[in-house]
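For reference, the structures are reproduced in the following blocks.
Presented sequentially are two complexes of chain A, the first with chain B as partner and the second with chain C.
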Partner chain A sequence: MPDFTVPLFLSLKVAGLATFFAGILGAGAAFALSRWRSRWCDVVDSFLTLPLVLPPTVMGYYLLILLGRRGWLGQWLAHWGIELVFSWQGAVIAASVVAFPLVLKSARAAFQDVDAQFENAARVLGIGEVAIFFRVVLPLASRGIFAGVLLAFARALGEFGATLMVAGNIPGRTQTLSIAIYQAVQAGDDGLANILVLITSATCIVALMLASRLWPDYSHRGRSRVRL
Partner chain B sequence: MKFKTVLAVAVLNAVAWAPLAHAGEVIVSAAASLTNAFKDVGSQYEKLHPGTKVLFSFGASDVVMRQIVNGAPADVFASADQKAMDKAVKAKVVVPSTRVNFAQNKVVMIVPVDSALHLKSVKDLDRADIKRVTLGNPASVPVGRYTRASLEQAGAWKVVQSKEVLANNVRQALDYVSRGEVDAGFVFATDAAIMPDKVKVIQALKSPVPVLYPIALTSRKGRSPEARSFVDYVLSPAGQNILAKYGFKKP
Partner chain C sequence: MNMQVQIRRRLMAGEREFVLDVEFESAQSRVALFGPSGSGKTLTVQAIAGLMRPDGGRIVLNGRTLFDSEAGICLAPQERRVAYLFQDYGLFPHLTVAQNISFGLKHGWRNPRRRDVPDAARRWVEAFELDSVMQNYPFEISGGQKQRVALARALAIEPDALLLDEPLAALDVALRKKLRAELAALQQRLDIPMILITHDPEDARELAEQVYLIRDGSITGTVPAHSL
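So, the complex of A and B:
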């Protein structure tokens, strides 16, 4: 029996971290965009959504140009002894970038749907802006953000094209589940491919079930979570 | 009425997409290392046979072999090693009697042309400042299998394996080295010759198995009648001259 736990745990680690970064950055950018009144808003939004629309190979190429040993950023990072290409950290960056727009899109819609009356009511009650964000806006938008985060996790777990270009295919170090499957099929090892495909499917199902458990509001419309 | 229209469209579609060879079209599935040489061979062949189109599908030999096994409409299969061709024979997708070696090559160790590491031979790869070495994945890429066999013989395989960055075909390995993303890599001499301004050959490896390229006709129904004549052209002095131009030797 081939060892499939290595690519499995690597995939979970990469997808988990990528979801974390995409979640924080995506929700932050979405909040900024939802409150920023400017005609440049949509331009910035479109630009940030590009990773969703562009083929992953194009994103991978951009990242390679940027982060490679001779890349603009990579050269500078190399001085500090940081090498992102062909490392699992590189895979996290690739997965974060492609998962980011999914959080951005649904979080922006969620923030925009928050009724300004609740915020104004909180202000009247003398609550600070930071507290309003964490106790009023965020809970009201949480369902939308969570939906985005869930999609981001699924996208990060399935990320293939950009990861292959940036992190390469190093067994035990950067070979995630999707790349291990690709490798097994290319090598004609259908037995291993079957096992890996089943594991990936099972992982996704478990992740979805876990998500609805952790966040019952997501699947069952519950009472308002706003507590002033 | 509506049903008949749908049926007619479905039938027309089925006919249009049926994987039949069109007259005057040869589809050649070949090893990635043959890319430049075979494109040249193809255009010369087309000049000699007006009205014939030669289409290519390049990739790691095992990968294009798998595509043929899965029904890719190829007429000719050219592999970079015997093992991929053996698998094709075993899967009964090529005609064994048509199998013939048509070219010979060498595996070389290359570094980026501006490398400051002063590597002299594969023995130097165990140095601590050598972090990443690329080679074709031995499971699906012939150049990886040749490399592995050579390095095992030279006693350097374990060292290289600990630093390996696997490539999906030889051209990807070449690309990694030419971009300077890895410290060294293993490709065919003919691949290194394509990018003399970007990569430098350090050493030609001694291979325990000769680096021979076999070619064969596929056994699919509806194989192009011109497949035979294309293979004959590859084996002819004219075809061999083109291959020689790209650094391939006669078998």
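So, the complex of A and C:
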């Protein structure tokens, strides 16, 4: 029996970290965009959504230009002895970037759905603005944000194009499940491909089921109507 | 008891211009603003609560200056100690009745716990007979109970004034009568100024001493409540 645990755990690690970063940054950007009243708002939103519509290989190419040895960020990082290209950390960055817009879109809609009256009610009760964010706005938007985070996880787990461009295909180091499947099929190893495909499918289904069970359902409370 | 309100604010809604220019002064503790919808009633109480910033004017309640454009004073809603009963109550849908009532008594970034209710809130829980619904969510209780919860939440922080925005408009006729009597009884117990806004002459007659007529953004006259 071939060892499928290595790409499985690598994939979970990469997708988990990418979901974390995409979640924090996506929700933060979404909140800023939902409060920022300017005509530039939609321009910034479109720009941040680019990773969703650009082909992953194009995204990967941009990241290579940015993070590669001759890239300006890559050169700067090299000074500190950090090299992201062809490393699993590079795979995390590639997956974070392509998963980010999924959180942004859902979270922005969720923040905009929160009725301003609840914030005003908290203000007249003497609660400060930061506390209002954590006690009122975030909980009311949480279901929508969470739906986006879940999609981001699925997208990060399935990431192929950008990851291959940035992190390459090094068995044991940067070879994630999706890339291992491609390699197995190319090599004619149908047995391994079957196992990897089944494992990926099962992981996604279990994650989806767990997530919708763990999250409290606020939808019947008249807010955050996003259904998982 | 003394209140002095003088507010100017110009608003643009698309092509339409609305000018709010309200001025009244009263030594009575129970005052009503009476007028049709769209006359600027809600904007006026929002300015008193600090939720809308006027272009100019002065707001003084019981000798405390909340807003004075000439002196450059504009207290944040959090510092005004003015309770605001919203038209549809604005109860936090993600919190239980107990948590809603203790909301303003708990500072910091976390919401009050489900079980312990501070003594300051206890008093109103008993006064409004809310014991049986403390662990319910707002969507699980009746319209009359919602209003009592909103009142308990507003009064728990021991405000210096109470603003009532169409408090009975969301209720059916039979309940409206009952709650009007309840509010009148509550007014006898509380020694704070109250400003009620309504389009129902019956509300103004029973809940106010002095009535200001408001139309198209300005006060058109004042009458004693019983003669309305």
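Everything below uses one rule, namely that the second predicted complex is superposed on the first by the 216 of 228 C-alpha atoms of A that agree within 3 Å, B and C clash if a C-alpha of one lies under 4 Å from a C-alpha of the other, contacts with A are read in each partner's own complex, and residues count from 1 in each chain.
The definition used in the following text is that a residue touches a chain if its C-beta (ideal position, glycine included) is under 8 Å from a C-beta of that chain, and two chains touch if they have at least 3 such contacts.
Because the structure is predicted, anything quoted here is derived from the model rather than measured.
Using the contact criterion defined above for the overlaid structures, shared-chain residue A:G126 touches chain C, although it does not reach chain B. In the superposition on chain A, contact of A:L140 is made with chain C only, not with chain B. Looking at the superposed arrangement, the partner reaching more residues of chain A, out of chain B and chain C, is C. In the superposed pair of complexes, A:Q186 makes contact with chain B only, with no contact to chain C. By the touch criterion defined above, A:R70 reaches chain B but does not reach chain C. Shared-chain residue A:V85: touches chain B; no touch with chain C.
In the superposition on chain A, A:N169 contacts chain B only, with no contact to chain C. When the shared chain is aligned, chain C comes close enough to touch A:F118, but chain B does not. The touching residues of chain A, when paired with chain C in their complex, are 117-118, 120-128, 130-131, 134-136, 139-140, 218, 220-223.
In the complex of the two chains, the chain B residues touching chain A come out as 60, 62-63, 66, 87, 131-132, 137, 139-140, 164-168, 176, 179-182. Against chain B, in their complex, chain A makes its touches with residues 64, 68-70, 83, 85-86, 168-171, 183, 185-189. By the touch criterion stated above, chain C contacts chain A in their complex at residues 49-51, 76-84, 86, 88, 90-94, 103-104, 107-111, 137-139, 153-154, 157.
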